[in-house]
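Paired with chain B in one complex and with chain C in the other, chain A is shared by the two complexes that follow.
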Partner chain A sequence: MIDFPAFGSAVAMLAGSPSAWIWVVPGLLIGLVFGALPGISVSMAMALVLPASLYMDFLPAIIFLTSVYTGAGFGGSIPAVLINIPGTSSAVATTFDGYPMARKGQHSEALGAALFASCIGVLISYIVLFVLVQPLAEIVLRIGPYEMAAIGIWGLVLLGSIGGSSVAKGLFAAAIGVLCGTVGMNTAGYMRGDMGISWLLDGVPTIPAMVGLLAASQLFALVNAKFIVEAEEHRTISLRRILDGGVMVLRHPVTLLRGTAIGIFVGAVPGIGSSIANLISYGETRRASKDPDSFGKGNPEGVIAAESANSSSEGGSMATMLALGIPGGGATAILLAAFAMHNVIGGPRFMEQNRDIVYAIILSNFAQAFVLLLVGGAFVFVASTIVRLPLRYLIPSVLVMSTMGAFAIEGSIAGPLTLLVFAVLGWLMSRYGFPVAAVVVGLLLGKLIETEMLRAWQLAGGDAMYVFEHPVAVGIIVVMFVSLGLSVRRDLRRRAALKAQAVVVSAD
Partner chain B sequence: MPDTQVRRRVSWAPLLLVTLLAGVAASYLVEARGVSLSPQNLLLLQPTAWLVLLLWAVLALGYLRTPVLPQEGPRESWADVSRVVAMVAAFAGFILALEPLGYDIAIWGFTLIALIIGGERNKVALVVFPAAFGLAMIYGFRLLVPYPFPTSLL
Partner chain C sequence: MTKHIEAISRRQALMLAAGAGAALAAPGIARAQSFPERPVTLLVPFATGGYNDRLARAMAPFLQKQLGQPVTVMNRPGGGTVLGNTFYMQQPDDGYMMMVHSAGPYIPLSILTRNARYKAEDFHMINLPSRDLTLAASATSKGINSIDEVVTRLKADPRSLSIGVQPASADLINMALFMQAHGIDRSKVRVVTYDGGGPARTATAGGHVDVGFVGGEGFLPIKDRIKPLLMFSDEKSTDYPDVPLLTDHARAAGFQPQSVDGSQRGFVVLKRFVEAQPERYRILLQAVERATKDPECVSTLANQQLATTWYGPEASNRAYLASAALMAQYADLLKQA
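Let's turn to the complex of A and B:
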């Protein structure tokens, strides 16, 4: 599976090209800064620096862009942990436990865990890519709309009960999210729920809605607090505690490897990518945990699961891009554009004829994962000062920045208006115990599930039984029902305990 | 001990919220069915809307008979609740004022009001911070964002 002569040639190419290395640190820093800015996605960060790469040679240009990709992948987790705003859609699941950890004064540990899980995730994903690039790409080609719809529904159902006090509330929130995700014109051309507003034809703007639901709603709930971290002694920023977070990652190898495997596989599927990988990994880790109730309340395993998956999905999407020439998402589409700018066409022929360059790209990413540990560590140290800011200053500042970010994405008042509507919705729902994260997941997956179900429906000519000819899709749906059954059982047991408690109180 | 001894009450606020959301889902379903009854239109939307209505029934029943539990932690005071409501209202006002007043004035005004709601009483801070922050936001985002946004003064 490994072409050793090409590998030797790649090592020689990197050793003899210092210009390829000098762009790694600037690329990582740019990625970290843009990834940490809410509203600026990984693909936007890469698009902003794409013109600069035109003046570089092919290999340095690709290494620079993949450095931005790697940096932004982790950068999104910093505001997710510190202020509950996922810097990118890939960091949504990081907020679920990262932010509760920060509220408990464990922001350094949470960021350390996110950093180490990201670096190890990137490293493992590129090792897998190095060994299995060709077979992985062949598996991806066999994935059709049935399997993609099943993956989407799997992610949704796994997360139906995140953080909420009951499965019914979780499913209600997820279903509301799915309905929001179906607003506008679907791929069959039907326009629904747009209320005559032209910008809703493209659907509800996802990022502003997500920031409103997760961040703005939480900020409202913090109006009466003085600092994100209440206890003054916990507001310190400590390198030792960041490293303790790294140790937490090493203590949970199963969570890390599960997240990495999910990230590589889901990241390799075109059109799905890291924004769903982190959610599925989080849901699976919570389901498999002996203490699922601790998730959403500051369990470091939640951060490890989310971060290992979103960073390892980079390797997965690179496999599809390099072996097939198919971009898995916006970031790899920009990498393909960079290939084209240098008159290189990605895909099977590039893979066959330039395996040394492919190996050089993979090897440079190994190095990026190690450099990210140092650069990311320093960045985290500086960014953590946010916990020392009084909330009376932080709340209006973050709300205004989120509003401007929402405007930057949409280029119109549509972004801020969406932010407002979903901020109020999120505040009300979280006030009454509904898991707001489930609405976000529904919103993210609703459109994807509908599109893939429509494609499957059209391919099957309306015959629902045709799904049984796709055993992978059926397998995923079976896993999903088992998972849902387990969640319902857990919920019923908790209700029984609650009832018993109420009876005791009444008797007193 | 029989179940009838459990004290119950109606939770009006969450009941109102789920009823409102279920109502929106129902009206969305009616509107979508008015567009077309084709499965290509309703494949995901219709079963999801029905699921929302079913779950509304389950949740509403629960809110009508909420068991009374011992109070956990201190209860929110009216002052605490009114500060949160004031912040939500100020944010809504800020978003709605962005275009009529301009982004610069709206940011300055919202930052000032939010600082006061948050408890800042230092006059220097109230004068300097909203103005400095507004300047930084407007000029910073002008560098980053390719779209123009309306301003009144800057």
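Let's turn to the complex of A and C:
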């Protein structure tokens, strides 16, 4: 499936054109900075630099944009780890274990793990893209409403009650999230819950809401702390410990590969994308783990799962875009726009006729993964100095930045207002022991599940039996129940064993 | 409707020829008026990367040349253009902002389905060079060969085929009128709704639905994967030259063809501004016209598959208002997907 003459000319193209290289580092840096700013999403970072790419040649322009893509994909994890605010919606699950690690003084390890998992994720996803672009695209195109609804339900089942003191409170929180996620016009054109406010026509602005929820719940919890990391001796910034984080990634190859596989596949499906991949990979890793209770308390596996999946989504969505000309999400839509601005129409024909250019883009992304390791390492090293910043300076700065980010993403006061409303909600909920993370999960998955379920219903014309014509969806649901059943049985056994042990101990 | 536009554009051309003398004197007037004396903004009520955004960005340098001031593009997406339109209504009438908009169908649709507070007549079209037409298509893997096959199967059993369409769209109106003309009960057909042209096309090409009714232009990159069945137009499309037209299909089937344009895209200002600042409006009109006719602009935009036809305000407004009226007439069709 690899066209070797085209490959050769791609190598020649990259070797002979320094202009294809000079934009990699600036692109990664721009991506890192924008990705790390709460409120600026991956696609927004790319939209901001799109006009600049007009003045470059086609290949350098695309390489520049994919560098921003790669950089922003990782950049979101930095504030997620350090201050519990995901820089982009694709880094939500990174906060679940990354931030607890940081609070324990393992910020360097967490960021190192995130960085290595991201780089390896990007690399593997592009290798898969390189070898399997066509078959992957063909499979993805077949993923219809039934399969997508099944994927969404899987995510909600895995994460619906995450982090709560009780399952009931978790489900309540997830339900609030789903409710907020379905505000606005649904796919059939009906308005729900917009209260006559035109800003809500497209639903609750997700990113400001998410930042508000997570920031408020955590920042108020820090009210008596002086620093994010309590113990002074842990407030170090050390390259060696960042590398230790990298070693952790290599020690968990299964988690890494599972996350990458989920990322490539889920990221490739148009309309799902990296934020859902990030959640599902985390949930699946937690479910498969021998010790699910350690998640949410600073288990590096959580960070690895989350970050490998959101980064490998890039390769997946590039496959859909290159082979089909269909943008899987905002970022690839911008890449297609950049194609169009250079008088190139993306899609199957472009792939057939310009295989060398496609290979050059892929090869450049291999290189980007390695460059990201260096640039990202340096960036993380500098960024983690904020653990030395007293919270009385850090918290107000974070609040101001988040508010500005919320304004930037919405282009109006609706962003900051959403942030404020959800900050209050987040504070109230965390005060009374409701898991805020479950609201975010509901917010991200609710709309997807509702939309796809509605389409599935329309497609079936109201006939529930129609679902059996979609074996893949049924398969996903069956696998979900089987795996859930297995973990419940394992939990019960362990609980029984613990009880037996306790009885033995008390008998002594 | 196309025929209207053609006829008027010819008359328009004559008028323009008559006014050529005045046009030649225009730069002097522009200088005397000292408008514009600061950058002009093109407001796009959609996100970066769509057709309107690309049109605005491609036209900007050529407009800049005519206006002598930098021309920048601003995106204000959301609410099916309600947010962008509302924002535009709030701007002063100083001529420093023009919209690049899919005025038809978005402005009338936002009024009919999203209770927007402006009226279709509040907007004034300078030129709407681009039209996108509804295309009925099916995935090649489905083995559906003609629109007649679709009609026969749906007539026999309305539940036999699923249809993908965007709710509150010109495509939905066209689909509904088509079903009505053939006496097919739309409430029995399995209609699947997609919130955007992209998802609707993916569903069509991926075979999630049997037939999709959606703007034809977006299908071009994946042309090989679909079988185009019917174009809702009365004139051959350059993109799909072999696809049957609604007019011919209707003649054969014995009904009156009726359809609305999928999108009418181009330069839009407020009627309020045209009335309050006729001089400035004239300067903008002239700049858009000259930029549109600039041979360099024509070739650059053609390469990006962007339209540069000059219809002029009269024809553009007529086409826009006609499609707005048709939509208002079929508003009840829009409310039930």
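In the analysis below, the second predicted complex is superposed on the first by the 479 of 508 C-alpha atoms of A that agree within 3 Å, B and C clash if a C-alpha of one lies under 4 Å from a C-alpha of the other, contacts with A are read in each partner's own complex, and residues count from 1 in each chain.
Rule of thumb we're sticking to: a contact is a pair of C-beta atoms (placed from the backbone, for glycine too) under 8 Å apart; a residue touches a chain by one contact, two chains touch by 3 or more.
As the structure is a prediction and not an experimental result, all values here were calculated from the model.
When both complexes are superposed on chain A, chain B and chain C end up sitting side by side without clashing. Within the superposed three-chain model, A:Ala47 lies in touch with chain C and out of touch with chain B [touch as defined at top].
Of the two partner chains, chain B is the only one touched by A:Phe220; chain C is not. Which of chain B and chain C touches more residues of chain A: that partner is B. Of the two partner chains, chain B is the only one touched by A:Leu391; chain C is not.
In the superposition on chain A, contact of A:Ala188 is made with both chain B and chain C. When both complexes are overlaid on chain A, the residue A:Leu428 reaches chain B alone and has no touch with chain C. Contacts of A:Ala72 after superposition on the shared chain: neither chain B nor chain C is touched. Applying the stated contact rule after C-alpha superposition, one finds that A:Phe407 touches chain B and leaves chain C untouched. The gap separating chain B from chain C at its narrowest, counted between C-alpha atoms of the superposed chains, is 8 angstrom. Counting contacts as defined above, chain A residues 186, 188, 191, 411-412, 454, 458 meet chain B in one complex and chain C in the other. Those residues of chain A lying in contact with chain C across their complex are 47, 50-51, 54, 141-145, 185-189, 191, 198-199, 201-202, 270-271, 324-327, 330, 333-334, 336-337, 340-341, 343, 345-350, 411-412, 451, 454-455, 458-461. Residues 40, 168-169, 171-172, 175-176, 178-179, 182-183, 186, 188, 190-193, 216, 220-221, 223-224, 390-393, 395-397, 399-401, 403-404, 407-408, 411-413, 416-417, 419-420, 423-424, 427-429, 432-433, 446, 449-450, 453-454, 457-458, 462, 498-499, 501-503, 505-507 of chain A touch chain B in their complex. By the touch criterion stated above, chain B contacts chain A in their complex at residues 1, 3, 5-7, 13-14, 17-18, 21, 25, 28, 31-32, 35-36, 38-41, 43-45, 48-49, 51-52, 55-56, 58-59, 62, 67-70, 80, 83-84, 87-88, 91-92, 94-95, 98-99, 103, 107, 110-111, 114-115, 117-120, 129, 133, 137, 141, 144-147, 149. In the complex of the two chains, the chain C residues touching chain A come out as 47-50, 53-54, 57-58, 73, 75-76, 78-80, 82-83, 86, 113-114, 116, 159, 162, 167-168, 190-195, 198-199, 201-203, 205-209, 220-222, 224-225, 303-305, 334, 337.
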